[in-house]
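Below, subunit A partners subunit B and then partners subunit C, in two separate complexes.
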Partner chain A sequence: MTTLEAALGRHVVVTGHGASPAAAAWRRLVASPAARAGLVIVVAVLLVAIVTPAVHVYDASTDADLTLRLKPPTGAHPFGTDSLGRDILVRVLHATRVSLGLALSAVALAMAIGSALGFLAGYFRGHVDLALMFCMDILLAFPATLLAIAIVAMIGPGLRNSLFAISLVSVPVYARLSRGAALALREQEFVLAAQGLGCSAARVLLSHIVPNSLPPLIVQTTLSIAFAILEGAALGFLGLGAQPPAPEWGAMLADSYKFFTSGAWWVFFFPGAAIMLSVLGFNLLGDGLRDALDPRLGRE
Partner chain B sequence: MRRYAIRRSLTVVPVLLGVSVLVFSFVHMIPGDPALTMLGERATPEKVAEVRARLGLDRPIWQQYVLYFGHVLHGDLGVSVVRGDPVTTDLLRRFPATVELALAAIVLAITIGIPIGIGSAVWRNSLLDSLARLGALTGVSMPIFWLGLMLAWFFGVQLRVLPTGFRLDSGTTFVPWTNFVMLDATLQGDWSALADALRHLVLPALALATIPLAIIARMTRASMLDVLSREYIRTAEAKGLSRQAVILRHALRNALLPVLTVIGLQVGHLLAGAILTETIFSWPGIGLWVYESIESRDYAIVQGASLFIAAIVVVVNLVTDLLYAAVDPRIKYE
Partner chain C sequence: MRLATFTSLVALALLGAVAPAPAQTFVFGAQGEPVQFDPAVITDGISSRITRQVFDGLVKYKGATTEVEGALAEKWEVSPDGRVWTFRLRPNVKFHDGTPLDAAAVVWNFERWWKASHPQHDNQVKAGQTFEYWEAQFGGFDDQSIVSAVEAVGSHTVRVTLKEPQAPFLANLAMFVFDIASPKAVERWGTDFGKHPVGTGAYRFVEWKPNQEVILEANPDFWGPKAKVKRVVVRNIKDNSQRLGALKAGEIHGMEGLNPDDVAVVKGDANLQLLLRPTNTTGYIAFNYKVKEFQDKRVRQAFAHAINKRAIVDALYGGTGMVASQFQPPALWGYNRELKDFEYSPSKAQALLREAGRGQGLSEITWDDGKKEPLIFWYMSRSRPYFPNPKEIAEAMAADLAKAGIKTQLQTTEWAVYLDKRKNGQVPLYMLGWTGDNGDPDNFLCYFFCQPGAAREGFYTNKPLADVLLRAQKLTTLADRAKLYRQAEQMLHDDVGRLFIANNQPPLAFAKRVRGYVPHPTGSEYFNTVELQ
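Presenting the complex of A and B:
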């Protein structure tokens, strides 16, 4: 078939002949410059989140120095200082752990709950499916940002409540995705064969349907992390996420945005740039993973 | 088509009911006594009792919902706890500002995003395509509140060419009729007010347009690429039609169908994004109102605005689906 397609001049995807599917996907991923850039950014952001607290202890109570208020970037303070004289670079680096931690935990929770619901709905169908998908449709009727803001506004500000809200608004995407995968896979012959051999529903789901649904879920998770970072920052910016003096990118922007008329651009530039760069990294990686994990899509 | 339209329209009813249940439950998510939380610790017991009675918190929960839903059906979204004004009145007074901003943003997103998407697909893998794709990906990765700040700082503070807040200059004598300032200025023939309104609109609309613009450009590119690989395009080219005619008459008309759906989906993003954009630019719409009400714990406003926006999103999605079905007769209800 490959020869025929090549003879017809069609696009032929290199699948890494002889390699395992994972190794082939990895090879396709690193072959794309955009995906490589995304991978580098994501690894760098993860390293900053892990290494920073290990090499530098942040103490919010001793951090402020009012004699150094709103100083522009210098050698001593490469990102300048904020309205309380705190070093912005130190806070941006420490905020990485908070912002990324929030996004990763929220997505992990959403994926666990959403996928479980979706697999059950898609596999068992019937009333369970109808009821679950109706609930998901209701959640999807709200713009995700609005729903997250409204929920945290009600249950109270804070990181834990933000995590809950971001997870909740991310659940429907996973539920729909895994339901779709389960619906498609439950009619496949290998699933019918497993059922015919007497496998329990749990075993069919866990051993056959879930592993075969992983590629789209992995892609979605990467893109969801990008979305969750933005949502977390938006909540922080509105005063609903991390509370002062904890360093978090969105909350740092909230602290600083009233100073933009004074010309102190550095107070909001660096936290925002950190948000954008990390979101861009996960988006680039997500797009790259989508191409790498599904060779049928080809390279656009 | 008619059958599809009726069945699709009917699906909206249970969703709107579900939305109303979720919004109703917002008050019950408040930890502790919602009335006490809204009024603060210094509230008198009489005032707390009054708010509890007004919210129906002293009744069984199903009665509370029936009461709430009955009020909603009569257009009553409750009363602001802080100012005592009906939420619906304030909502309708502020809605035109948000509509004006959202319309400006979506017009910007469409007029810039579609040509970029077309160019990107037609000159695939060129430098233009690479730049457009990177630009679009950066656009969807942009925190719009940060972009808004940067725009306000650069154009408003550094260059001093555009205002950074409100809908009109503070010294203006212009009195709008409907609160759609640009429409009112046009109707009244007040061109200086129109110019002033436009200058105030540029930065918030640009900030709000970024994400929809990026999404529309990406979708247009993907859809054009799909259409350009079809047999009928090859046939059109083989007939000797000019490249321009093939792209504009044959490819674009078909490629824009999925883009239509994506544009419909942006309405929700625009209304939610307005909370962040309006906060940055002190734009007196629903978004800024919600932000202020969160700060003052005026939950009736958060509830009312959420229900209103969700209802708009549901209706716009319905209209988009119906439009899609009208232009594409293959769509059927399954």
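Presenting the complex of A and C:
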């Protein structure tokens, strides 16, 4: 029976050239230059986030040397120093972990909650579906950034609260997406067969519906990370995210954009570039994944 | 062809119509939105900038000083015991609505400020607006006030009787809050008078476009030097950099609220000029005395030694700041020149902490009721004259404190909420400051320290200090009073009641063609002397 199920389960996944679907998708992904670039950036950013704290100890609370204030980039400070004489390179690198950690955890949380709700709604339909989707529609009715600001304003500023706010505003997308997938799959023969063979609802959901809905969710996750980085930076910029003196890209931008008029370009350029680069990376990768995981492309 | 001729004719006509008008509008860039324009109930500088142009008081400050000279009152005399003040009003002065400025109108204004049962007082209070400054400067309302009678003793003579002499009485009356409003207009508009201000000033109110600008036009019947520029527009541009951008682009002629790092930009720009307000402002850090750790003087001393004020002032004030050793700025006559400030010494700070039994440092505090929490250091979210970039200054101070073993968490909130929390004594450690209103040391010290244990001052209790300040208020000789204020500063210093960080000369930037703008220590300036070249 397991073999049968497995065979049925694989039924919708298109295999190309005899390779496993994952391998085929990977080949399609790396074939695209844009996706390759995205992949390189994402891996690099992830490495920075992981390696920096391991090789360099940074205590933001004592980091200030007013005698080194606003020094342009030099050998000693490749990105220059900020208005408190702090090395911008050090802060941008350490902020990577903060910004990325925030984005990844927010998205993971949103995906877990959102897709669970979506699968339940899509599979069981009826009142559950109605109630859940009604809530999701309400959340979707607000512009995401505004809603995140409102939530943080209510529960108070801080990294943990902004994580919560960002993930909450991302939940409806996952709920909608996974509900759609569940709706399409629940009428498929292999699902009906599994039900006919007496599988429990949990088993049908976990072994058949969830694995087969993963591709769109993976694409959405990658794109969501880019959105979450931006959102995190926006909250930080407004002073609602990371609290001073913790390094965070958005907060660093907020502290430094006023130097636009006095010509100290490096203070805002590097945090801004970090945000741009990481968002670009995740967006390119997301686009590439979407193409690579699209079953219609695979059939050709 | 015909169309072209027509268009050029229209263009010519338009040019002809527009050309003579525009030269005479002075546009000033303000930092925010006014609250309203009823001088008696406002407390903020953005609103009072407008009311100063529209209204006059009995007396005013002379030029760039806080010396008092006549305004609506031509002259005055005081009885030998300092209790009875008789003001002779300038004849033939009219409010903008045509009603005469006479003794009856002045008495009406006094009664409105002073008597809680006055219908135009009562309705304001019910609408949530209080006569805060009257209460602070004249001891309260009705019987609590130091004022015991205000009478018209002729058509243009007003007599004010006090229960006891008040040395800063005239200086107080020159504050913008005690400008005289048209009784007829106040009665007509009631609580909406703040949107339709009518006074006797050099300019009259034309229009307030919320979140954009306030428009004023010259009053041709003004009793004093007539406005040189016929029209004034005060534009609300919240962001400092954006405001400077507008000045550089010629959209505005002058502005306040310059980022410290832009002082050099203005100095280096051939089309701009920099003016500084005389220093009359002090930024401080205040302790909440409901926090057990702060009740220990050695802990407070440790804070005082840990912060490198010199470095902060040099780096973060754009060259316009000074290190403060006491509450009064150096220009005030009660300033104590002998006072020796705490030196910057992290090792001394650590030694003091060890002595206080906190060798391991301080990162958590205990409130009086036993509640423990991390030590939160509150900074304001808004640039103030005394702390032009509060976040940077807070971060620098927090780093200094951390180096001495005092770990704080920085936190801020919206300005109005911040002030509320401070007023209710809910913040353990916070930044704030003061800009003098009337040039009298009393206005700096007494407002804060005359009521020991007040929640808004972090429950700071120093009875001997309060006694000295109250005594100084009743003396009439300047030299005697100065001695007491110097003593008060020393007492405050010895007790480390507060940490005084910096004085500042708030910078203003103008286009080169602006002449005659006189920066005033109180921060409210008259526009009628301004010229555009």
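The rule is short, and it goes like this: the second predicted complex is superposed on the first by the 278 of 300 C-alpha atoms of A that agree within 3 Å, B and C clash if a C-alpha of one lies under 4 Å from a C-alpha of the other, contacts with A are read in each partner's own complex, and residues count from 1 in each chain.
Heads up, the rule we're going with is that contacts are C-beta pairs under 8 Å (C-beta built on N, C-alpha and C of every residue); 3 or more make two chains touch, one makes a residue touch a chain.
Bear in mind that the values here come from a model prediction, so they are computed numbers and not experimental data.
Novice: Check subunit A with both subunit B and subunit C modelled on it and let me know: fit or clash.
Specialist: Clash: subunit B and subunit C overlap once superposed on subunit A.
Novice: Looking at A:Leu146 after the superposition, I want to know if it touches subunit B, subunit C, both of them or none. Which is it: first, second, both, neither?
Specialist: Once the two structures are laid over each other on A, A:Leu146 reaches subunit B alone.
Novice: First (subunit B), second (subunit C), both or neither: which does A:Ala226 touch?
Specialist: Only subunit B is touched by A:Ala226; subunit C is not.
Novice: Quick one: is A:Asp255 in contact with subunit B, with subunit C, with both, or with neither? Answer first, second, both or neither.
Specialist: second
Novice: Which partner, subunit B or subunit C, is in contact with more residues of subunit A?
Specialist: Larger number of subunit A residues touched: B.
Novice: Looking at A:Val57 after the superposition, I want to know if it touches subunit B, subunit C, both of them or none. Which is it: first, second, both, neither?
Specialist: The answer is neither, since A:Val57 touches no partner chain.
Novice: According to the stated criteria, A:Ser83 is in contact with first (subunit B), second (subunit C), both, or neither; which is it?
Specialist: So A:Ser83 only meets subunit C here.
Novice: Give one of first, second, both or neither to describe whether A:Gly239 is in contact with subunit B, with subunit C, with both, or with none.
Specialist: Both partners, subunit B and subunit C.
Novice: Per the contact definition in the header, classify A:Met276: touching subunit B only (first), subunit C only (second), both, or neither.
Specialist: A:Met276 sits against subunit B, while subunit C stays out of touch.
Novice: If the shared chain A is used to align the two complexes, which stretch of subunit B, 60-68, 150-158 or 168-176, clashes with subunit C?
Specialist: Looking at 60-68, 150-158 or 168-176, the stretch of subunit B that collides with subunit C is 168-176.
Novice: Quick check on my understanding: which residues of subunit A belong to both its subunit B contact set and its subunit C contact set?
Specialist: The answer is residues 239, 257, 260-261, 263 of subunit A.
Novice: Using the touch definition up top, name the residues of subunit C that touch subunit A in the complex.
Specialist: Those in contact with subunit A are residues 240-241, 244-245, 259, 261-262, 264-265, 308, 311-312, 314-316, 381, 389, 391-392, 394-396, 398-400, 402-403, 407, 409-412.
Novice: Please name which positions on subunit A make contact with subunit B in the complex.
Specialist: Subunit A residues touching subunit B: 34, 134-135, 137-139, 141-147, 149-151, 153-156, 226, 230, 233-234, 237-240, 250, 253, 257, 260-261, 263, 265, 268-269, 271-273, 275-276, 279-280, 283-284, 287, 300.
Novice: In their complex, what parts of subunit B are in touch with subunit A?
Specialist: Touching subunit A: residues 14-16, 18-19, 21-22, 26-27, 29-31, 124, 133-134, 137-138, 140-143, 145-147, 149-150, 152-153, 156-158, 164, 222, 225, 268-269, 271-273, 275-276, 279-280, 290-291, 294-295, 299, 302-303, 306, 309-310, 313-314 of subunit B.
Novice: Inside the complex, what are the residues of subunit A that reach subunit C?
Specialist: Per the touch definition, subunit A meets subunit C at residues 61-64, 66-67, 69-70, 83-85, 157, 239, 243-245, 255, 257-264.
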